[in-house]
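Here is the structure we will look at, set down as structure tokens.
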Amino acid sequence: MSSANTNNTETTLVALLHGPDQPGLVAKTSGWIYENGGNILHADQHRDMQAEIFFQRIEWTATAGKGLSSDGTLFKRFAENLGMNVRVANAAHRTRVAIFVSKFDHCFHDLILRWKSGDYHCDIVAIVSNHRDLEAAAQNYELPFHHIPVTAETKPAAEAAQLALCEKLGVELVIMARYMQVLSADFLGKATFPVINIHHSFLPAFAGGKPYHQAHTRGVKLIGATAHYATPVLDDGPIIQQDVARVTHRHSVEDLIRKGRDLEKIVLAQAVRWHLDHRVLIYGNKTVVFD
Amino acid sequence: MSSANTNNTETTLVALLHGPDQPGLVAKTSGWIYENGGNILHADQHRDMQAEIFFQRIEWTATAGKGLSSDGTLFKRFAENLGMNVRVANAAHRTRVAIFVSKFDHCFHDLILRWKSGDYHCDIVAIVSNHRDLEAAAQNYELPFHHIPVTAETKPAAEAAQLALCEKLGVELVIMARYMQVLSADFLGKATFPVINIHHSFLPAFAGGKPYHQAHTRGVKLIGATAHYATPVLDDGPIIQQDVARVTHRHSVEDLIRKGRDLEKIVLAQAVRWHLDHRVLIYGNKTVVFD
Amino acid sequence: MSSANTNNTETTLVALLHGPDQPGLVAKTSGWIYENGGNILHADQHRDMQAEIFFQRIEWTATAGKGLSSDGTLFKRFAENLGMNVRVANAAHRTRVAIFVSKFDHCFHDLILRWKSGDYHCDIVAIVSNHRDLEAAAQNYELPFHHIPVTAETKPAAEAAQLALCEKLGVELVIMARYMQVLSADFLGKATFPVINIHHSFLPAFAGGKPYHQAHTRGVKLIGATAHYATPVLDDGPIIQQDVARVTHRHSVEDLIRKGRDLEKIVLAQAVRWHLDHRVLIYGNKTVVFD
Amino acid sequence: MSSANTNNTETTLVALLHGPDQPGLVAKTSGWIYENGGNILHADQHRDMQAEIFFQRIEWTATAGKGLSSDGTLFKRFAENLGMNVRVANAAHRTRVAIFVSKFDHCFHDLILRWKSGDYHCDIVAIVSNHRDLEAAAQNYELPFHHIPVTAETKPAAEAAQLALCEKLGVELVIMARYMQVLSADFLGKATFPVINIHHSFLPAFAGGKPYHQAHTRGVKLIGATAHYATPVLDDGPIIQQDVARVTHRHSVEDLIRKGRDLEKIVLAQAVRWHLDHRVLIYGNKTVVFD
């Protein structure tokens, strides 16, 4: 390891890799980087003992004179030859993000204010909504707003429009910030980008609609929120982050909804941050989060 | 309110009441106590706005010259005339408790050590187990141990023996301290005492067997434990207390089990404490906990 | 208790009272309300056993035909005759709030967005700042912005201007939303309104300047935030709410600052909410929070 | 990395190292292990960006044919040549632990029950106390109990006796499980083993005596506990673990003490576990915990 510097001729790369465990993997990947003149900033490994899978996140600066893309490409080839599944990202690249919203605005404002304060290394390239309620707010933030209404009949066409828009804008991540429509298996199958959703319960408890009402009826003493990647099975995708808050019999459904807003904001914000920092590795229906 | 004193001629009563809301209930119950020479130590109310139900826990000292039982009985009659469902307990009474265990000993030791340190106002009158593993430990604590084996065939007879034992000992509360048998609807129907169970998940997630394995498979980021009253529907009774702990991809199932032990101990210990202090009011399938 | 209704002829009152404990206080206050035709919505008592002080928050609807102010005034007189220190508020009244800010905007946006979403029963009548950085943001929210610069030399004059402004606007609460100036004992002595401050540490640890740097240097494993009423002794006023977040050696000072922002927002937001709902009773240098 | 196996000819080593950062450290240490036939099980790095210090915990199996001690010794020499400060432990070695107690027994029972359940890889070789209160309990656990009374006058002699006992028994860790004496700078200077203490507050708040009383007086809304290495400056040593619990105005000092017992047990238990697993690296007055 060595100091990161901001010399223009240096670039920082992040690799996420996983594959069958074998002796010497740490030595081999770190050795390759060292031999190629790179300096490791962070290296974090995990080994699933039962499944005998090796996971690694490795972040390093590629030195002057070396082309960034070539280094990333070469490392990818090297790690693939070790049997690894590899993704390499240039840390300087700003992920292109579209935020899908409906009428609730708490996650919307929260994400954008964090982004404006410099917390997120990304560009927000579109606010997409099936309602016009947040149009003025988006414009206030000087963010392009796209109104794509959705009804039972128009849903296929609306999703096609959403996909076309995302493709045109080069979207690399969609965040469902309390977007109140289920994205179809067809949409998710065609999407070339991951989709992060915030569900307002501690999954797998209270999947589906009106989770705060379900929680109130059951009389639970904690409510939760879950950020996960959307998959065709509703509320069943890989979980990135979860948190809970204590409630009592004194809390009405409305109180749960209000308290839940804070949970939703914080859990979604953390999940997005980890994703943008290339800290989340999807593995089966689970995640490995290198935090 | 007025200072509690330890004068022999005074006794402390605790009433838990609930019923249809109506004007003046707080004034009426507190007025009755004041007029009858009692001093309120604590009074806590809750009102379910939607169901229009009034809940109250009221603790007071009945003064010298008044027989305790008569005061409790009179108050009960008074509150019933207001349409309330009422339970009155003498705070000095030590609840008679039986602890059901199998082989896991962490909740067993935890409950008994808290009891020995004076945390619990109760008498532990029996340790009941389907295995002999904890017999020596119980004897070390000088607690009577009853070995009642349970197999699929002998379960009805075993439960009959458990019920007979509890009846003989005047048991007023059974605590399932990781007792690894499901008590049948028949047992629970015949029992004259409540049963508190500790389930090793954040219910309603992962009800049933092997919840830590279920949690590991699902890839949740928090594990939980739930203390609830046992009802004929497995893991569905009124929840008294819940808590969670953070886990990551680094935790194996064994780690979840180990971390979960702390959760189970703390959640069960808190639920038992609230129950023994007459702080838990069951209402439908939920609880009102006056903490 | 009885249903709250929105009939124009009804008003809801909230009383906070405390004073020397004596027998019959609950009966007397609830009896007075019942006899005067009021319906208690919530009543919560606390008794400091050592100091023999009685505390109560009582919320009730005063019925048709009775003037609100007269009922509040009469109750106040009644409770004062019982030796109590009493404040009575009309729940319909919207507290007039001034928010003091400097350059940090996270608590500023957070409070205003909660207010806009209907969480807070108040009017925000002024944003006051020693810098112009948040002027445009305040205007975006259509909130009046007052720039009152502060230097070592001009501080007395600046505070006089702040006080004059607050007086003119009828301010009833000042919130220091990461306002980076210490309000002088002179200001606090003259202020006719309480001042809530958010300190970015778990007080009493790390009082004074740069608490995140202090926390990093000390190597604590949790960072905190504390909302308290400002008093002439810096960071020593009655604490309303505190919370913490876990940190590790991996977190730099900058990470602590970023993570701390979420703590500061949530802790301050909760404290403000309790204050506006008349749930906070100051007693000596401590608070009783009827939540 | 490769599967750990239990072959007699294999041993698992754990190295904790830190020193000035330089390029290639990860590659060098992992490369050395690979070249020497070892398989890395876990490797975790940290880099203090400001101080430019590199920290690493690395756990590996040394293969058959290689002497364990020789491998550990060779790696130590290798890493020292890189400028690192290194400790290498054989994971199979059971740390020899002495527990110092006075009269409080909650941490004492908690540690021993965890140890008996297999949570801790250590041998408890002595219970040392200035009182006889826990003698019978220690004997029940079949643990040798040493009564070394301490008064102001006898303290130097008592500490000499404690040191002599620890030396005779080959003690490698002393745990102060609510031992109510301050160990002198002289004792700590002569001790060849680290000492872990549990302080019953969220340090640096409420250092010194009666922290729960201090917390109650200050009116904090959270109480805490801190496990740290003892150093000559009271309550100022490197913090290993901390946690907090929520309290309200309803909690008396006695309630804080009771609630605090759970905190103390859990925080101390976690700190001891990390220490025994060679996960804690002391660095200045702080710790790096590789969890």
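Chains: A, B, C and D, in written order; residue numbering restarts at 1 for each.
The working rule: a contact is a pair of C-beta atoms (placed from the backbone, for glycine too) under 8 Å apart; a residue touches a chain by one contact, two chains touch by 3 or more.
Chain identities (UniProt): A, B, C, D = Formyltetrahydrofolate deformylase.
Remember, it's a predicted structure, so these values are computed and weren't measured experimentally.
Comparing chain pairs B-C and B-D by the number of C-beta pairs in contact, the larger count belongs to B-C.
Which listed pair repeats A-D comes down to matching contact pairs by residue number; over half match for B-C among C-D, A-B or B-C. Between subunit A and subunit B, the centres computed from C-alpha atoms are 42 Å apart.
The centroid of the Cα atoms in subunit B and the matching centroid in subunit D are 37 Å apart. Contact with two or more other chains is made by residues 49 of subunit A.
Residue ranges of subunit C in contact with subunit A, taken from their complex: 105-106, 109, 113, 117, 119, 140, 258, 262, 266.
The touching residues of subunit D, counted against subunit A in their complex, run 1-4, 21-28, 30-31, 33-35, 39-45, 47, 49, 52, 54. Taken in their complex, subunit A has these residues touching subunit B: 46, 48-50, 55, 202-206, 218-222, 224, 238-244, 248-250, 252, 284-289, 291.
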